[in-house]
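The two complexes that follow have chain A in common; it is paired with chain B in the first and with chain C in the second.
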Partner chain A sequence: MRISQRFTIIRTVLAIAIALAVAIGIIFLVSKSPVEAIIYFITGPVKKFSRLMNVVEMMLPLLFTGLSLSLIQRTGVFNLASEGCFFIGGAVAGLFAVKLNLPKVIDPMVCITIGGLVGMICMLIPAVCRLKFGASEVVSSLMMNYVLMYLGLIMIRVFVRNPDTGQLQSLDFQEQARLSILIPKTRVHTGLLVAAALVIIFWVYLFKSRWGYRMRMTGSNPGYSKYSGINNTKSILIGQALAGLACGIGGACEVLGLYQSFKWLALPGYGFDGVIIASLAQNNPILVPIGAFFLAYIRVGADIMTRMTDVQNEIVSIIQGVVIVLLSARAFLGNWEKREIVREATANAEGGDKT
Partner chain B sequence: MNVASLIFTPKFLATIIRMTTPLIYAMLAAVIVNRAGVMNLAVESTMLTGALLGVLFSTWTKSAWLGFLLAIIGCVLLSLAIGYAAFVLKADESLNGVAFNLMMQGGTIFILYLVTGSKGMSNDLQSKVLPKWDIPIIKDIPFIGTVFSGHYLLTYIAVIMVIFVHVLIFRTKFGLRLRLVGENPQAAESVGINSQKMKMIAMCLAGGISAIGGCFMSMGYVSWFQSGMTAGRGFIGMASSTLGGNTPLGGSLASFLFGTADAIAITLSTLSIPGEFVTMIPYVVTVIGLVVSSSLSGKAGKRKGDKK
Partner chain C sequence: MQEEVQKISNTKIGDIYLSMKGITKVYGNGVLANNQVDFEVRKGEIHALMGENGAGKSTLMKVLFGNELPDAGTITLDGKEVTIDSPKTAVALGIGMVYQHFNLADSLTIAENIVVGSEPNEGVFFDRDNAIKIVNSLAERYGFNVKADELVRNISVCQKQKTEILKILFRDSQLIILDEPTAVLTPQETDELFEQLKMLKDNGYTIIFISHKIDEVMRLCDRVTIMRAGRHMGTYDISDLTARDISRLMVGRDVIQNIEKPDHPMGKTVLKVDELNFYDKHNVHVVNNMSFCLHKGEILGVAGVEGSGQKEMSEIITGLLPPFSGKVFFEGEDITEEDIAGRRKHGMSHIHEDRMTYGAAMNESIEENLISIRNEDPDLGSKLFLDRKKIRSLAEDLIKRFSVLCKSPDVPVKMLSGGNMQKVVVARELSVSPKVIIANQPTRGIDVGAVELIHKTLIEARENDCGVLLITSDLNEVLDLSDSLIVLHGGKIVGYFRDVKKLTEEELGLYMLGLKEQSEAEIREAVADED
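Right, the complex of A and B next:
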């Protein structure tokens, strides 16, 4: 156990190091002032307080989708609808934020709850299609993402479209529906508290509750869990529902915290980012903030680099790809790990013989 | 304007064919890898990369066909990298696909910016367009001529490719081995087939074929590259393949269905229906089609099992 834990850490660090090395290599190839670019990239976000707060802002949506994917990847049903659920959660929350007129704290809470519930239902659709009809959840959830995006846009266009703007956007939200700012002079909003609560709730669910235990069993060994009397379908659906809830709430918080009206015209991409974060966090909710911080950090760093030098921030996508591949690669350092385990096992066995 | 008068025209039927062409290539790529027992989400990214490479290489070589060939080679190389990660490093199939999709989504923009200084489109490049073909004799027949003649050559090649892949999978030794690897890798290994090598070859074939689809998008359908221009067509190709039972002919029918939905979307967008509703149609059709087809095949399988 200790060896595999140690190797998890080594593997994560090495994957990040290799990805960064590849990125730095590319920067040297394409840039006229590579050293300067790399310095901006690596140290940019910590140079100023406001930039560090940008990292926190960037982290917020990633926390929600990272949490969501860390449950999804444990269910064994690889549902990729997080992208669409995040979008529809935001759109629905935006819709209600325009229409509802409730007292101060209750209004955003209601909007976020509705957004979360809609996200939950939408996440369950591909999962049910898979479990009930055997339709590949990967393909159907990818299609769902587009369906949900267009549905959200239709809702905004039909019900709350602002007629004065050329581009599609909603009317302004009610003032009391917006989330208040948590740290003055930044855009860090109270969604951070919601995210923190979800981190704890998901951790408790996954590791301290019987439903979480059942789900982990189902995901890691469906046959075993079935024969020990666990209802696999039910435990998968509970996990998927919670994952959808996180995405919906995340979208709602993002919209109500950052904007005065609903302005998204395309999928924001945070759903797929969740895959990276969950991989980095080993699908452990408590580690999700670290993964989200890492991704947010390199994004903000890359943005600063783009502004200051001639290297484009899309370099981040290369880092992301390399990190996911290496982290999910079973053969990456696999032989070394096996050797270590064998060595310790033989050492133990020999030690056992002596006593 | 009347909907019926818009739809039942030869021009509309020609639009269907135009919209179906890239889907056919994506579908064929998905059929080949599915037959080898691999789930390849990266069809989307090889298609997008093919679209970009076609534009870039045709600009540099000043020849459409040379650019087209180099784009295919480039995508085969990319597929080698994807296959290396999947089969040698043993990365999780779905995660690997997501990783390469994310990488090339940003990567194509990165390369585009390096070459043109723009992140959106490649308008400034003098890229070449692949030729169209007027079928002799047929082009003069009034209705049929408008529908079937005057498409890009790649559309006609798509038809040939469907037959080619069908023969390859079901009528050759290679195809037999490929299907064996997909259905029972252990059995394949036991008769001396290197399953990893077969999967790798399938991956490269898929990469090359999806690159043709990408080139059709950027060197025919339109004459430029735009970031994210494949817009999920690789995924729709995967869906068509599943819908068609992983056969080239069935998959073509499914692609045709999606192409029709696409064409309806384009045609109806001239009416006063919200644009989003119309563009949503193909994706909804895909989900429903997927559920229906897999529940049908699931039931058929069960019935077979009952008889035993």
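Right, the complex of A and C next:
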């Protein structure tokens, strides 16, 4: 275990390092002033407080979807509806933020809760189809994302469309529905507290609660958990429901925290980012903030670089791609790990002989 | 059409044909399976490779057959150094292997299974008639009694093994590896196999015979190589050794201990199975009207050739498989409709024959593998949360009691040897003080030390008035441990013996083969004993 744990960390760090090296190599190829670009890219986000806060803003939606995927990937049912759930959570919260008129504090809480519940129900649809009818969850959830996106847009168009704008957007939210700013002079809103709470709740659920134990065993070996008397269907559905809840709440917080009205016209992409973050975090909720911070950091860094130099920020996609490929490549560093294992095993055998 | 040309060999009978030197193999989970092993085989001999389960015999043969690449060492075959990187290369070099678990396509005929890969053809079409002709003549030449046009699904284990051997002969292999071929055979079938192997030897074939059964090796083989804990313990002429020598070299101590089983009175019926029936997906009647009773403090053995319905029967009793008809009673209560959790709550434990798929979650820690069946146990925490400290102390206690060799309870189960893995499974299943244990092949493929411990544990459970259903294809185990015994053949109970002491191995073999069968009335006694 010591060796494989060590190699998990080495693999992650090295994957990131190689990805950054590839990015730097490309910058050297395409840029007239590569050194400057790289400095902006790497140190840009920490140079100014406001930029660091941009990283935190960028992190927020990623936290929610990263948490969601860290559960999904442990259930053994690879449901990719996080994208659509995030969207529909935001759309429904936006709808209620226009229509409802409740007292301060209560209003956004109600909107977020409804957004979360809708996200939860939507996440459960592909999971139930999988468990009850054997429909491939990957296919049905990817399709589901488009269904949810158009459903959200239709709701906005029919119920709360702002007739004064050319582009589709909702009427303005009620003032008290919007999330307040947490750190003055930035756009970091109270959604951050919600995310922090979810990180802790998910970690406790996964590693401390009986439900979480059952879900981990189901994901790890469904035959074993069934034989042990664990209800696999139930534990998978609980995990998927929590994952959907996180997405829905995340979408709602994003919409109520950053905008005055609902303006999304396409899927924001945070759901799929969740896969990267959860993989970086080894599907451990407590490590999700680190993964989310990394991704947000390189995105903000690339943005700064794009603004200041001649390098385009698509470089971020290359970094993401390389990291994912290296992390999911199980044989990456496999030979090195094997040599270490051989060395330890033979050394143990020699030691054992003397006694 | 395939030309039957014998591969020309430079080696004369009696000379060294195969030489493996300094073979070291470490598996990805850190198990050192072979440590600097040397192994030499002469042309035209039957060479036994012996050792306990886990001694590294199978690994050495996997290296020879190209299933595993060695981490160090060289292989010389027929005077040339060779690199064997896949079974395909091994076959091309004239090596053939029969695995313990056969690699046959169930839905094809014997002939098709044998010729696959180098089929006789007519233009672009497969020439089935010719294939059957070739296989029949091959079988005749070596005295194998098989029908080439029979579907593999319908033939017995023994016939499947013959098919595997014919497959090797068809491919013109000079070196035949047999991995524990007698493990699945009855004593009568074993005798037949030995005759055939001796005939192959007389025809100039070289045979490596993997086994841990000393008497068989002494009867059949010319020389023996013994392995222990991944190391080569020496190669000897069989005539120079006694059974005791071999046992000492294999185990590292003098005699294999006998099982001590004090008398214990049987109690009331705790588990009753009533007219169970089950058909598999090919509509084969794999569980055929089974009825029997298990009493408190009784070890009821279930003997039978593997695949006689044992797996389905135990899965029906434990709730993994719904029966087509029939009922299961636990202390008089009908539990046929109950789910697995419900049955476990009644006090039923289950040691599944497949510890990798059902017995444990390989990637999870020992600790987490010890608590899965008590995930709702109020002793292990509050209603919603598990208490890590309580789990840890339970795990440490069980690891000590069942002497699981590990660094800590946090080690993932996949890092353990087969024997220690099985100890984790048994520890978990017995830690809940069950009233009934369904133990399906509890000691298959594990080392002698672990076998002993598990036998002791089952006997202890019996003394605590637990009913043990011991399903095993190991004749010695079933005869040594059981108080009473049922024999399965083709999904049916063909014999019930209230007192196992009166039964001999040969007699049991006849029942297992289906050559003998008790009358309906005698078998009904298995249920009539209810009280």
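The criterion applied here is as follows: the second predicted complex is superposed on the first by the 343 of 355 C-alpha atoms of A that agree within 3 Å, B and C clash if a C-alpha of one lies under 4 Å from a C-alpha of the other, contacts with A are read in each partner's own complex, and residues count from 1 in each chain.
Note that in this section a contact is a pair of C-beta atoms (placed from the backbone, for glycine too) under 8 Å apart; a residue touches a chain by one contact, two chains touch by 3 or more.
None of the values given here were measured: they were computed from a predicted structure.
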When both partners are placed on the shared chain, which of chain B and chain C touches more of chain A: B
Which superposed partner A:Val342 touches (first chain B, second chain C, both, neither): second
Chain B and chain C contact sites that coincide on chain A, given as residue numbers: none
For the chain C and chain A complex, residues of the former touching the latter: 24, 26, 28-32, 35, 71, 230, 318, 320, 339-345, 350, 352, 357-364, 368, 371-373, 375-376, 381, 384-386, 388, 410-412, 415
In the complex with chain C, residue positions of chain A that touch it: 1, 3, 204, 208-211, 213-214, 216-217, 220-221, 223-231, 338, 341-342, 344-346, 348-349
Of all residues in chain B, those that touch chain A in their complex: 39, 41, 85, 88-92, 94-96, 98-107, 109-110, 113-114, 119, 232, 235-236, 238-239, 242, 274, 276-277, 279-280, 283-284, 286-287, 290-291, 293-295, 297-298
Chain B-facing residues of chain A, complex: 30, 78, 80, 129, 132-136, 138-140, 142-144, 146-147, 150-151, 153-154, 157-158, 272, 275-276, 279, 312, 314-318, 320-322, 324-326, 328-332, 334
